[in-house]
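Okay, here's the structure, questions in a sec.
Residue numbering begins at 1 within each chain, and the chains themselves are lettered A, B and C in the order written.
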Amino acid sequence: MSSTATQEMNLHFRVKDALGAAVVAGLVGLPMLGLTTRDGASGLEVQTRWALLAVFIAVAFTGRITLQMLLQRFRLFSKRRLRARPTSELTGNGSLVWAGAACVTFAVLLPALFAGNRYVVDTATTVLIYVMLGWGLNVVVGLAGLLDLGYVAFYAVGAYTYGLLSTHFGLGFWQCLPIAGGLAATFGVLLGYPTLRLRGDYLAIVTLGFGEIIRLVLVNWGDVTGGPNGISSIPKPTFFGLPMQASGDGPTFATVFGLDYSPGQRVIFLYYLILVLALLTNLLVSRLRRLPVGRAWEAVREDEIACKAMGINVTNVKLSAFATGAMLAGFAGVFFAARQGFISPESFTFSESATILAIVVLGGMGSQLGVVLAASLLVILPELGRDFSEYRMLLFGIAMVVIMVVRPGGLISHRRATVRAPGGEAKP
Amino acid sequence: MNQALQQLINGLTLGAVYGLIAIGYTMVYGIIGMINFAHGDIYMVSAFIAVTCFTLLANSGISSVVASIVVTLIVSIALTSVFGWTVERVGYRPLRGSNRLAPLISSIGISIFLQNMVQLTQGARVKSIPPLVTGGVNLFAGEGFHGPYVSYVQILIVAVTIVLMVAFTLFINKTAFGRQQRACEQDQRMMQFLGYNVDRIIALTFMIGAALAAVAGVMVTLYYGVIDFSIGFEAGIKAFTAAVLGGIGSIPGAMLGGLVIGLIEAFWSAYLSPEYKDVATFVILIVVLMVRPSGLLGRPEVEKV
Amino acid sequence: MNAAKPLLSVESLTMQFGGLRAIEDLSMTARAGEVTSVIGPNGAGKTTFFNCLTGFYKPTRGCVKLTHPHHGELRLDAMRNVHVARVGQVVRTFQNIRLFPRMTVLENLMIAQHNVLQEASRLSIAGMFRSKSYRRASEKAMENALTWLERLSVRDIANKPAGDMPYGVQRRVEIARAMCADPILLCLDEPAAGLNPRESAELTALLTALSREQGIGILLIEHDMSVVMKVSDHIVVLNHGKKIAEGPPSTIKANPDVISAYLGEDDETSSRHEAAQEKSAHA
């Protein structure tokens, strides 16, 4: 066939395809964009916005044609590429280690690099909380392959433990940290136990249920938890016993170090605190991965039956994954409560669980660095969109879909082996 | 006794709605093994379409209630199905064949998108319409004694659900498409080799699920008269729970699960505490799954050793 | 050769699924240091038999006794699969390869030694702090894994993901992994399936060596008759869930029932059998 004929055919096909997209856009846009209801004099009235609908259809048409051309040009979705490259051949181990070191260095220097910019340090603190949560959930979902949709429950346990113990019994941040971790871990085991025999997706709904149960209990058991109003006046953590305030009963951080007190000090202190907690989390999880228990987590994810056939107690392995993940969320919860000074059930909804799960999957399950990247993205993107506050969440949803479609395996889908045989090639 | 019967009626009505939505979850899960988090929001969209349609008809002077309902049902089903198709085409089809969690995250993104889209285009406030179907009957009425009250709306909902279930069961079991759909659930690869357009079968499955959700949306609009953009999330979780409770992948199970949850909600709210009704639902789910790990009517998935 | 009690003793084993009798009244023995093959046409109940042995199914009737060097006599039919593997040291492979695909070959072998390592890591605490005893156990496990990799000729792919390997290689990794789990009874389900003749010959040599050197018992389900006849010290033949013959290869080869089970009967034999059946029915 002559090239002009194929070109014509191509064009014909493309136009047909784009027209299809336009029709769909019209049907979908009609009830949402084209029509809407407004409160009128006596009940609702229907309002028409044909111009808006027309624009939408036009955008859909041109967008579709553009997309087709891009796809053809760059062959983004050729079937071969979707079957991801063998995991062993992605980025070499070396480059990931360098990237990791660079991230840590940047994180340590951040307050100096952005001195005086409280907003940046604040945002970075939020990112680090999510990084810690992501690493914790990574143990359950990424390593052990247990689909936990109610992770926020353990986060809440940690936060409320600190909130209650500090306001009722005067316990300090550092004392509550281990208590909250232990309590959260216990909850992890309790919540994990009924799920042991369940298939992956049944497990999901049960964990989701637990998350909701915890939230509802927090909302309704007002006597203990303060109900929807939550708990306030939660004390901030101290620097080895020295409070970070303007003035106190005894020496404060400022007085001991001969500095003028400024609120910025507290912000920076909190930042380094979460940075330390996060780094310790990373250390713990990396170590555990290389220990028998960590390998067992991954083995159970790969093939439970083979594990049983080798005498591995799958129940204990799963429960240990739940407990470890829960404990880390508990620690994060304590920090969260301390930082905010105030907690309420509103911070512990299913949306939070979904966000943390999204971080783990977007990062590339099992990848530590991936979680850092994904958390940064998911926290910073909505912040950048603050100007478009109305469209913020809308774009956020779209971004989620787009990222998954473009990189279903996550940002970093490389798995590092926990143990290497020396050499690699056998000498004959 | 009265109270109990009343709650029974309320519970069954509510349960029927959950059941209709739950079928959508279970069908999608059965055929491509994914949990469609956006399904609840599809139901929410259909409710908004229903409100707009009812308002349009009312303000155009259509006074026949039956005509209004029929037209709205048709319009809502048609447009919501297109929504269902679009969601699958854009968010899930490109991810077919990749890992299990990617479509899940995509569906979460779509759920966020739909909720915010409706908020922006239709307003964040609640929408209410005057009740179209009023009145009802008192059962076992007698001298100074009246039994439970069944409203016509409730009768409508239950009747529509029964008709749909019968029609749907026949469709799935007797028609060619139903067979193809069930075959795809069992072995998608093979269907491809046999030359069936698996993409189309899956797309149609989504559309059918959306259609059923649309019926639920219209019914709910008639029943409560008040909707807002967040109803999808709540109903979605309940319906998904219903699907799992009944045994995910089983259509009668989804309806059964819906009815059970509707009844639990009604009875718990009435006799115990309304605040904890959702806790009760989840606790019962957990207990059932501990005893029957594949749900009430689910086929136990035996892994061949 | 072990003249004392047999390693494995199966007595009147019956496995019923609803109306289907998958195994009926099966009794057999297997000895340590020997290779025992279980053969029979498809559907004869061989894999079901393995599942009963290794605690994946609970037998309807009968018992399975294992003579363990330390624990004495163990009733495998009353034990769950995890315990059969862990306490009984009965390790099995599966008809479909069940490696851990995204983990490396070496990691697969290390996981086989999980229980030993987990013990040494003292609830991971000793492991976290890299205590001497843990490091020693870890090194020993690594040595063990590398030795078996070498033995099965898969040392060069130790660091590659197990799922990426070709079929024959995966089969060898499976056996290496099973050996790392320190079995006294090794149950292999169709290890020669899909292997070419050279690989089958290598497998035969390996199995003979393993049983003799390690003193373990090897139980084999296999269809490849060349392997079976060459490697087996003892053969059990199943058909329709029942044992139809048991003995050394020479006897089995000549057994008419075995031949007819596999090849079908010729007309003369079949009419003789029918006549015999009629006679016993009327008697």
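Please note the rule applied: a contact is a pair of C-beta atoms (placed from the backbone, for glycine too) under 8 Å apart; a residue touches a chain by one contact, two chains touch by 3 or more.
The shown structure was predicted, so the numbers you read here are calculated from the model rather than taken from an experiment.
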## Note on the structure
Larger contact count among B-C and A-B belongs to A-B
### Task
Using mean Cα positions, find the chain sitting nearest the overall protein centre.
A
### Message
Can you tell me which chain lies farthest from chain C, using the average of the Cα atoms as each chain's centre?
### Response
B
### Query
Rounded to the nearest whole Å, what is the centre-to-centre distance of chain A and chain C, using the mean of the C-alpha atoms as each centre?
45
### Task
Could you put a whole-Å number on the gap between the CA centroids of chain B and chain C?
50
### Summary
Taking each chain's mean CA coordinate, chain A and chain B are separated, in whole Å, by 29
### Query
Where in chain A do residues touch two or more other chains at once?
305
### Query
In chain C, what residues contact two or more other chains?
56, 94
### Query
Using the touch rule from the top of the page, what residues of chain B touch 2 or more other chains?
305
### Query
Touching chain A in the complex: which residues of chain C?
54, 56, 81-83, 85-87, 91-92, 94, 98-104, 106-107, 110-112, 114-115, 117-118, 121, 124, 127-128, 142, 146, 149-150, 155-156, 158-161, 164, 177, 181
### Query
For the complex, which residues does chain B have touching chain A?
29, 33, 35, 37, 45, 48-49, 51-53, 55-56, 59, 79, 82-83, 85-86, 90-91, 94-95, 97-106, 108-118, 120-123, 125, 127-130, 233, 237, 240-241, 244, 248, 273, 275-276, 278-279, 281-283, 285-286, 289-290, 293-295, 301, 303, 305
### Message
Could you list, by residue number, the parts of chain A that touch chain B in their complex?
### Response
24, 27-28, 30-33, 35-39, 43-46, 77, 82-84, 141, 147, 194, 197-202, 204-206, 208-210, 212-213, 216-217, 219-220, 305, 350, 354, 357-358, 361-362, 365, 390-391, 393-394, 396-401, 404-405, 408-409
### Task
Using the touch definition up top, name the residues of chain B that touch chain C in the complex.
304-305
### Task
Please name which positions on chain A make contact with chain C in the complex.
86-88, 287-288, 291-293, 295-296, 298-299, 302-303, 305-314, 415, 417-421, 424-426
